[in-house]
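Some structures to go through are shown next.
There are two complexes below, and they share chain A, which is joined by chain B in the first and by chain C in the second.
And then the complex of A and B:
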């Protein structure tokens, strides 16, 4: 219940943050929304000596969209800001949708998008659509920046590619093609405060004939140690005329790719089953939506 | 005339008021709750909010290594050496056994010699703050010798020769019993339709929002102990505290601050309460112990999982002839309410249908899991699940509607069951009828598209018990009413307001009985020193019990006021009526005087008016006057009267993901007179959602060593606002003439039909019957797969 004693720092600029991180090294943990970190501390799973609160750093916050260039989302942007952002809804619908499914209203107003990825939980909600939209992350330190695809940044369960002194500062989302649609779905036992058994995002674009798949990407969450991009779906559908049979076939293929585990929430067999259902439904839904644009 | 007179419910035309005991003005009003404003504003003080001068904090060291182990050694020296630590406590310092049922009491404040479930308390610490107390707990060193862990009741019985959980239960059976009424075997021989099934229920817990909390303050000068606690049973807590602390009850005072729910889980004492008192006595300082949520899960006394075998037989016309019921209950580690719950499951066979021959075998088996106990609708939910599902299946065998079968067998007012349980009044048939008509059940049942279903089930529950748990036949509830010119009307009773709304309905009933308004009445409950005696909030007993006592007390006060008024008005006292804050002649309106004026005159000339009324429930067991033989049955299970409920659930089953969505619930309930219809609706809606959770996902999970896997609200899933179905709850017209104000119960009857109604609806949706709850998405998918394989089966298309 009670956290260990720790020293608290609240830098106001990236420079101050990097300086602190360089100085404190592994003694310090980053505090974003704290919705995950504080629980781990209260359960005494971790006992950091120092916390560096990065919420006061303006440069790490906010949603910026530039037509033609895409979107930049600061790491400490609140999940709720993404859920309610008009531009996110318009350009990256599946991301706004996924943000709206995280925890409860309280959690969404505290938690950040950066924390959701840095936490590296396989069932996390936003990494799935972010990967589907081809997001990259920028990690920064006193010595410079690195940029990499999100699926490379997340390496496994609670493992991320972050070196000592580095911070995740922003997500970059490429400008989506005007005809690209994105859809998100999840499955859990109930509809609020749920940890997903499986979640999934699809982005899909049709040729002008409104039938042929120009591009498609399906990403699965909670069925592998990190977001899993289906290669089979892309291979099976690209350049093909979309049909229910094809969607069913693609969905079956995703079941072969997923590597779910059994835990207190659901069995591997059940997750396996659900992967197929969600894939089929999402592909059809995305196709329907793509026909409308 | 008051505004209430315009409400059609209250006006029964053509009868002078003195002839119509049912013409209520205060009972039947949907008034807002007394405790509502403070709760809505966040101003209510719960136990955990309390801070007393010099108060220190207690924390319990729990065994997180084993679910069953001998305690070899407890070393508290390092904990005591920690700065800020004031005292430590171990189980051997208070070895007296407590338990709500004295005959089976076997719990101690902290474990003595042995731990029997994961998370059991082994020691405690008092320190200047909670943080230090928690740190000190980590410094307590306990040496254990692990014992084999028994998690399943059948394994527990089978391996009893090798491992026993309690010395005095060599077969690991806490208690067992057989009850045989009529000739069951002979009756089955004559049955046309016989169905045998096995059922299993899960392990949900109550999930009250407020965790247990206790503040104790022992005064070393006068030897008085005060305890503020979050409890449903201040009296039983008081009694058990006296046993464990070896102090007379008169030296202990139990007070309830605001209580944040209980649903049975706070229906017996808690370790936190003993530990707070023991530490306070040791230190001479106030001590507070508040549980974390995981501690609530570790120690919660949730519902008994039941493993049930059933056989029901009907004659060719569909009348039930015989029921054979065998039940193995999972008791968990300690006895608690076990005997009671077990025999309730047996008595539930006898209502709300006529069962002329019945045989029950029940046993409650110890396992190394948290103790199971009283949970909303105690002992009723499990057998009701089975019976209502089987009647659905039997109706199908007969080719008639389940509604028809249930109507045919439903009891009527004045029914005496074969076990001697007596139902003075019932509108159960009206409940069935109303729910069926309002939901369109008959038009929809069996006719909805695949994946959509509708299910019907009924149920009932007691309105209080016939006995105290320690076999004393003193009145179960006493209410004192005080009327004076300063405080107005004050109702004093040591009852427990735990959020169910008893203070509000007590005020309404007192106002009704005294002829004043609800707004005129103050209610003082939850204090064993201030209030008159009450057994506690369980068994849906309080509205009836307190109503009876209120009516008695009010009668005495009214007589005094009428005598005074008669003198002032110059008319006969026995012709006076008190209503709407006035005292007037029932024959001549000119003789009218304000109630307050008469009170003032009475107080000025005689003094304050005080009267106490008592309620003792009727007894059914006893000696036959003619034969001299003991009359069997009707001890556990009997009640002054019974409440009834019928529910129709409409579900959508996602046949690909297996998720079940309860879309709409139509309920019709017989709660007698609805003292506060708004409160009744709240209770009923709450009841339905309560068991909807346990029907579909709520389940405490343990690993092979008995360790909890989901002791938090993140992984133990209760329904949230998002899962709330559309609700149509209906209060059927009902009045029990034997009851005070015609009342019955409503807090537990409406949980009874929920499991079977959902299960029957799922069957209607997908053609698969489940005999186990919770019915998870995984189970649905598996069953659908099996069904498909079976249908594909022989390949001849015969399915």
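And then the complex of A and C:
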């Protein structure tokens, strides 16, 4: 399996990258981690004439946290760096957890957080918790920047809001409330190195009485063309005293919202069932964790 | 069109002419001549081609060699100590019987090296989780996991 011949460019600054993108246009593909792109090239599904490797651009990588302001994660930050980051674990636990469930250790050391979103696979791991934490993305070009919620950037299966000449350069996560907890769960064929049938993230915060839900957000992955935010869970639980019955009711409601399909990995029927199971489990787990904060 | 790149493999610098489409596994095996690194699936699933780039385990069969220009690479040939003595991880694999046909072994060793460098005392879960990208079709993994546990103990005793 040989790839087609192509020209390789490794810009060192954002300016160089934008200049190349402007000059090469649709002939070029962006190389981030390569765990998807190189495989597609080896399979000859895509045959780009040029590759622009953006991994040598310092401005596009790294995890920066500023208390009170939140976190900025560069698009070419490796998944493993997010998985192991103490500050990510502390502030955005569900994101670190989801990062640790991507592929294998090798894939996590190669793959990038930007690639995981730009690839726009519905079964991707990190977009689910990122959306749950209210992440926005910054899309940059030679002429400026645009910022939008991640759930708008991802438009559908392999479809993202990126125009020619634009690059996803960073993710911005708002500072979480000190009492907010985030949890992530997934179901797959085995425990590691698989592609999720369904994945899910919940963020939840309780009032001072440790019983009443102050805020809750549940996001589902792999059951729609893009990350799906449950409006029913927020409506059913906000302002209510948490109970197992309420969690079961909310979980049932998520099953009405999910629009899973049947594919090589799982049937729509199975996914539908699992949505309810994961939602119930996650809501209870998040509630338990929020009581401990 | 070939371009000259510099790869520092196991402490020695190699200047290699590569085409942008050449993957690191092929360059290491065919151009540099270090055939310890294996190519299994060629699609990033089996882990046989694992090498360390800047100390991190990566899949050399889906890494373009040109992206490693100027970087430090460690292959299985770089594990043994300069006097020829086996690395504690290699010794543990041999002593625990964690090798049968041997094809997955170089990748297993490099993943284990990457794991123990970051986490010298991994739990059983850590070992299983972090080694899940390396597939062995002979041993059933049990002895591989045990070997990594033994290596972790030996290495933390400071015996090298």
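A few remarks follow.
Assume the second predicted complex is superposed on the first by the 293 of 293 C-alpha atoms of A that agree within 3 Å, B and C clash if a C-alpha of one lies under 4 Å from a C-alpha of the other, contacts with A are read in each partner's own complex, and residues count from 1 in each chain.
The rule is short, and it goes like this: a residue touches a chain if its C-beta (ideal position, glycine included) is under 8 Å from a C-beta of that chain, and two chains touch if they have at least 3 such contacts.
Keep in mind that what you see is a predicted model, and the values were worked out from it rather than measured.
In the superposition on chain A, A:267 makes contact with chain B only, while chain C stays out of contact range. In the superposed three-chain model, the partner touching more residues of chain A is C, compared with the other of chain B and chain C. In the superposition on chain A, A:195 contacts chain B only, with no contact to chain C. Contacts of A:110 after superposition: chain C is touched, whereas chain B is not reached.
In the superposition on chain A, A:2 makes contact with both chain B and chain C. Chain A residues 1-2, 191-193 lie at the interface with chain B in one structure and with chain C in the other. Those residues of chain C lying in contact with chain A across their complex are 1, 3, 19-21, 23, 42-45, 47, 50, 56-59, 62-64, 66-67, 69, 111, 114-115, 118, 128-134. Only residues 1-8, 10, 31, 34-35, 38-39, 41-43, 51, 53, 55, 80, 84, 100, 103-107, 109-110, 191-193 of chain A touch chain C when the two sit together in their complex.
The touching residues of chain A, counted against chain B in their complex, run 1-2, 187, 189-195, 264-267, 269-270, 273-274, 277, 281. Within the complex formed with chain A, the residues of chain B that make contact are 130-131, 134-135, 292, 656-659, 696-697, 701, 709-710, 713-715, 717, 719-723, 776-778, 781.
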